[in-house]
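Okay, here's the structure, questions in a sec.
Chain naming follows the written order as A, B and C, and within any one chain the residues start at number 1.
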Amino acid sequence: MATAAISSSKPKKAHRISSSREDRIFDICNYIFLVLLMVVTLYPFLNTAAISLNQANDTIRGGIYLWPRLFTWDNYAYVFKEASVFHATMISVLRSVIGTVVTVFCSAMVAYTISRQDFVLRKFVTLAFILTMYFNGGLIPNFLLVRELGMLGTFSVYIIPGIIGVFNLIIIRSFIDGLPESILESARIDGAGDFTTFIKIVLPLCVPVLATVALFTAVYQWNSWFDVFLYNSSYQELSTLQYELQKILQNSNASLTARTASDAFANANNDAANAVTPMAVRATMTIVASLPIIMVYPFLQKYFVKGMMVGGVKG
Amino acid sequence: MHVKKWMTGAIAAAMLFTVIGCSGGNGTNESATPGNNSETKSNGAEKPASLEKVTFSYFNAAAAAKDINTNETTIGKMLEDQTGVNFKIEHLVGDLNTKIGTMIASNDYPDVLIPDAAIDKVLDAGAFIPLNDLIEEHGPNIKKVYGPYFDQMKAADGNIYFIPFSNVVGEYVPDPSIGQGAFWVQRRVLEEAGYPKINKLDDYFKLIEDYMNKHKDEDLTGFMTLTHDWRFFATSNPPMHLEGYPNDGGVIVDMNTFEAKTYAAADSTKRWLQKLNDINAKGMFDKASFVDNYDQYLAKMTSGKVLGFFDYGWQVGNATNNLSDAAKADPSKDGLRYFPLPVTFDGQKDQYLDPPSFVKNRGIGITVSAKDPVRIIQYFDNLLKEENQVLRSWGIKGETFEVNDQGRMYRTPEQIAKIDETFNEKFGFKYYSWNWPLWGNGSSFPDGNAVSPGVQPEVFQMSLTDADKAILEKYGVKTYSEMFAAPDERPWFPAWAIPKEQGSPQQIFTTKSDEITKKYFPKLVLANPSEFEAVWAEYTGEMGKLDTEQYEKWTTEEVKKLIDLAKAK
Amino acid sequence: MENTPLTASAKTESNKPAGFFTKLVRQRALVLMSVPFILWLFIFKYLPLWGWTIAFQDFKPAKGFFNQRWVGFEHFSFLFQDERFLRVLRNTLAMSSINLALGFVTAIILALLLNEVRHVYFKRVVQTVSYLPHFISWVVAASIVQSTLSPDGIINQMMLWFGWVDKGNEILFLGIGEYFWGIFGASSVWKDVGWNTIVYLAAMTMIDPAQYEAAKMDGANRFQRIWYVTLPGIKPVIIVLLIMQIGHLLEAGFEPQYLLGNGMNVDYSEVIDIFVLKYGIAQGNFSLSVAAGMFKTVVSFILLFAANYLAKRMGESRLF
């Protein structure tokens, strides 16, 4: 696609001249619009970063926009003073990586089977999955199930209940549906089995959509903390970054209340300058939690910005 | 699948049992007396039969702090030396009802549980074991400290299932600062008016209006209120206080008939809102009060542009700390700090200060999952000894407090400076300040020292700046709380803590009534004064649809039950 | 790019009508690739559905399944008979429709515009930046919205500067119920438009560049190429997503309405989930929230099948 766009920028024939002017106007408008969009979408992040780098007690006064007024690393120090954060980050990385690989592979596999029009169970499998998007047995039945399966306090509880995301499944299926049938056909003629076709032909062709789904899953895995709360809260060694950050946030709320109680007079906390506030902690944890996962994006981006698959088809 | 090989919470706790055998410290119980306070005397509690080390799980849904083992703190280590018991503390992070719901549904509990507001569900589930016999056999100190409250602690079946925290032992020591409600005004306003005595609502707003008129170009706001989310009560509670009653929540309880009456649609609320409507028409009220969130509210308070507000001290600590820090750095900013005033409608006796209260629907219990309830109750009992109360509250003499010639306990400025957040965690003050069987806030030791350092007058006076002392002197008082009338006895207090059954008509009434007030208060305050009566009629019409009578009747009955219980003791 | 790329092979199969089991054996690889996951699906998604019985009980977690008090449709009638239910239903539908329409249109437009950017690095930067707000929690995002819309926020200050409002009469945007849906829609777009483009951008990689070349040969201009090549190229994905989303029409989100809502705009901001929170979860009434969940599921199914049927009738790609 990139090549398509570039070639269109080299007008050669006469009747393109007018369209070239149109093109240029379009491009200028487009660029202006996109820059404006960036300003609007960058702001919340910059604002949050500024608050996280500003002295917490000063932030209460409001008026922090794009840069900190009283610069400090204290809020980060507060978040990172808990050694548990590092271990929890490791668990978060693990669940994101393992969870993503497992989910992407399994979803793609099922997606392939339901993209096969000739598959006898196609309708059944498709509908069975899709319907689950619209109901939920509820919290307590889910908890009891996980407990009965012996998954409380295990790492598997982060992976197994989410092996297949139905949304992902459907997206992948639409892509496979869109693949030129000739390729799949030729694989069949070569006598490749269904599984081989899936691994050797379908998976490589689906890289753009798999990258997309991987991104969705990784972000989901990275951000989730409710399953930690529900199933593993008593197992510190399985705690994740998001859950530890939740703890720290709640802790800062509690210290705040304690500080305002009468007991505050009896200790140094009355001097609030070195204290943190929930607002500052929330900003800090937003940055701490989102920076790593945001950095995944540019890495995955190359897979769906370029038209990977096209080369494959033609070659 | 490894079904049945999984670990339940209880087994996980068992895993952590560190059975080291008898520690060599047997019989050194007396020498381990930590408070080392000359006044403490042994009270002959039974010694635990064995000091074999054991760890119990302790789940606290009522507070947030770092999860730790108690023996990692100084206090907890000393208590472990005395009893051999360690607690692995876990705090609630997410939603209370969800967490407790899963515990109940799976019938797996921690050994010790503080279920906070979900206590009725835990009781319903029969998750707490009755403590009567355990206390009788192993709890001489529990009997001594909680004895006067036993009748109130008993459930309908006569059993005690959990131990509340807000008992008062010894003479009641009032809190010198204002954590409770008050009408606050900037100190510069009082200064400019010559420190007048303000106790009437009209005078209060007149004071602010005069100041605004003199400082027209300064872009000042006269008054604002807090309405954000559940904090809305800061706007709906004042009529109760203005009538001269303490914070009983949504009702006023008559002191003679003990009838509980809601006031959300009563004349008192009308008078309060009309006043706000009036100052809004004069341009003194901050209209954004009804859309601002809590952060925006605090930001306005610290901006120094808002002259007055009503709120509870504990809700605005963040902002007032900020202002007092600024004033310490630059004394000229002291005028921007707020001073609490005991304002009522017509200058009647105020009741802003909370009377001593026994909150009987919160507490700590031992669950059916607990392996060794005896050791736990012995730990509780040991904690209630006087010397251990000194330890958990004041710490160690010479390290975290001193005693002067008159036997008064105090802290040196160095000690105060030392006790910061990190120290609190490491030493264990943070983990033992509440949520255990203890001598509650406002308690005092037999020698007259306060149990809580914060309310000890010597400690409080040290915290005051020169400017604080000056303004207190203008009003002829030594503490902020002396600005207010002493609280009358109210055995039912606080009425808002009377447990309402989940989903009961009373609870639904509260939710609905909240909804209507949240919707109509802004309309009433921001209305054109000529339309106020019409909006009020519409509002009372909506409120009239609720079954207020049923709610009042129920509350009255509950209040009377509490009064009877108090009489019985 | 139609929905039946494999019809050819399907037809050859159906030439010889084979028995179901014969086929099943022949397709054992496909069966092995999907059936284990059906088992998984059954255990983790369908088995917990026993929890729906809670909706017909006065559920107390303490009591165990067999000792619950059965109350029939009591919780449903509480839900439907409340006069406010219609209002929260209206708000839910309104906001999710706004979200649906606005969310789809803006994300597709942005994807199309990004697709027209030639500088790869600029394109990447825009993409990355535009999806940043997705990572800001609603708590933080809502407080930014609140301060932007406050009397001393940037919007009012600009209006003051232009002379559209007078000092002291700034507009309380969040205090005017009628504005709420708009504010909600705009905030949602702002927060998620970048994120939502990702899937369309991925879809665009599937379009054969030869089609653009051909269109150019025919003298199609930029807009025509977008209209006749790019859009049809991603249409199957759009339609499938649309059908899925229509099934979620009773899910209007919960956090933004809760965080931006206040007493002044409650008539427009309260959605079903908030109502259920107040009268169900906050009161420890699990049953009411399950009943509400069941109601939503029923509506979802109706909408889902209707949308899918419609797509089928119109000859578009379907969800199932």
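By our rule, a contact is a pair of C-beta atoms (placed from the backbone, for glycine too) under 8 Å apart; a residue touches a chain by one contact, two chains touch by 3 or more.
Every value quoted in this text rests on a predicted model; they were computed, and no experiment measured them.
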Exercise for the section: Using the touch rule from the top, point out the two chains with the most contacting C-beta pairs. Expected result: A-C
Problem - Most distant chain from chain C, judged by the mean position of its C-alpha atoms - result: B
Completion exercise
Per the C-alpha centroid definition, the whole-Å distance linking chain A and chain B comes out as 40
Fill in the blank from the handout: Chain centres from averaged Cα atoms put chain B and chain C apart, in whole Å, by 42
Exercise for the section: Using mean C-alpha positions as chain centres, tell me how far chain A is from chain C in Å, no decimals. Expected result: 17
Completion exercise
Within chain B, the set of residues that touch 2 or more other chains is 101, 105, 295-296
Completion exercise
So chain C residues touching two or more other chains come to 61, 147, 286
Completion exercise
Multi-partner residues in chain A (2 or more other chains touched) are 62, 140, 149
Problem - Of all residues in chain C, those that touch chain B in their complex - result: 60-62, 142-143, 146-147, 150-151, 168, 172-175, 262-264, 266-267, 278-279, 281-286, 288
Problem - chain A residues touching chain B - in the complex, by the definition given at the top - result: 57-58, 60-63, 82, 139-140, 143-144, 147-154, 225-226, 229-230, 233-236, 243, 246-247, 250-251, 253-275, 277, 279
Handout entry: Touching residues on chain B, where the partner in the complex is chain C
Key = 95, 97, 101, 104-105, 118, 121, 124-127, 227-228, 232, 283, 287-288, 290-293, 295-296, 502-503, 507-508, 511, 515, 517-523
Problem - Of chain A, residues touching chain C in the complex - result: 1-9, 15, 19, 22-23, 26-27, 30-31, 33-34, 37-38, 40-45, 47-48, 62, 106, 109-110, 112-121, 123, 125-138, 140-142, 145, 149, 160-161, 163-164, 167, 170-171, 174-175, 177-181, 184-185, 188, 193-195, 198, 208-209, 211-212, 215-216, 282-283, 286, 289-290, 293-294, 297-298, 301, 304-310, 313
Fill in the blank from the handout: Per the touch rule above, chain B residues touching chain A in the complex are 1-9, 12, 57, 63-67, 90-91, 93-94, 98-99, 101-102, 105-106, 110, 175-177, 179, 295-296, 298-300, 302-303, 313-314, 316-322, 324-325, 411, 416-421, 423-424, 429-430, 433, 441, 452-456, 459-460, 462-463
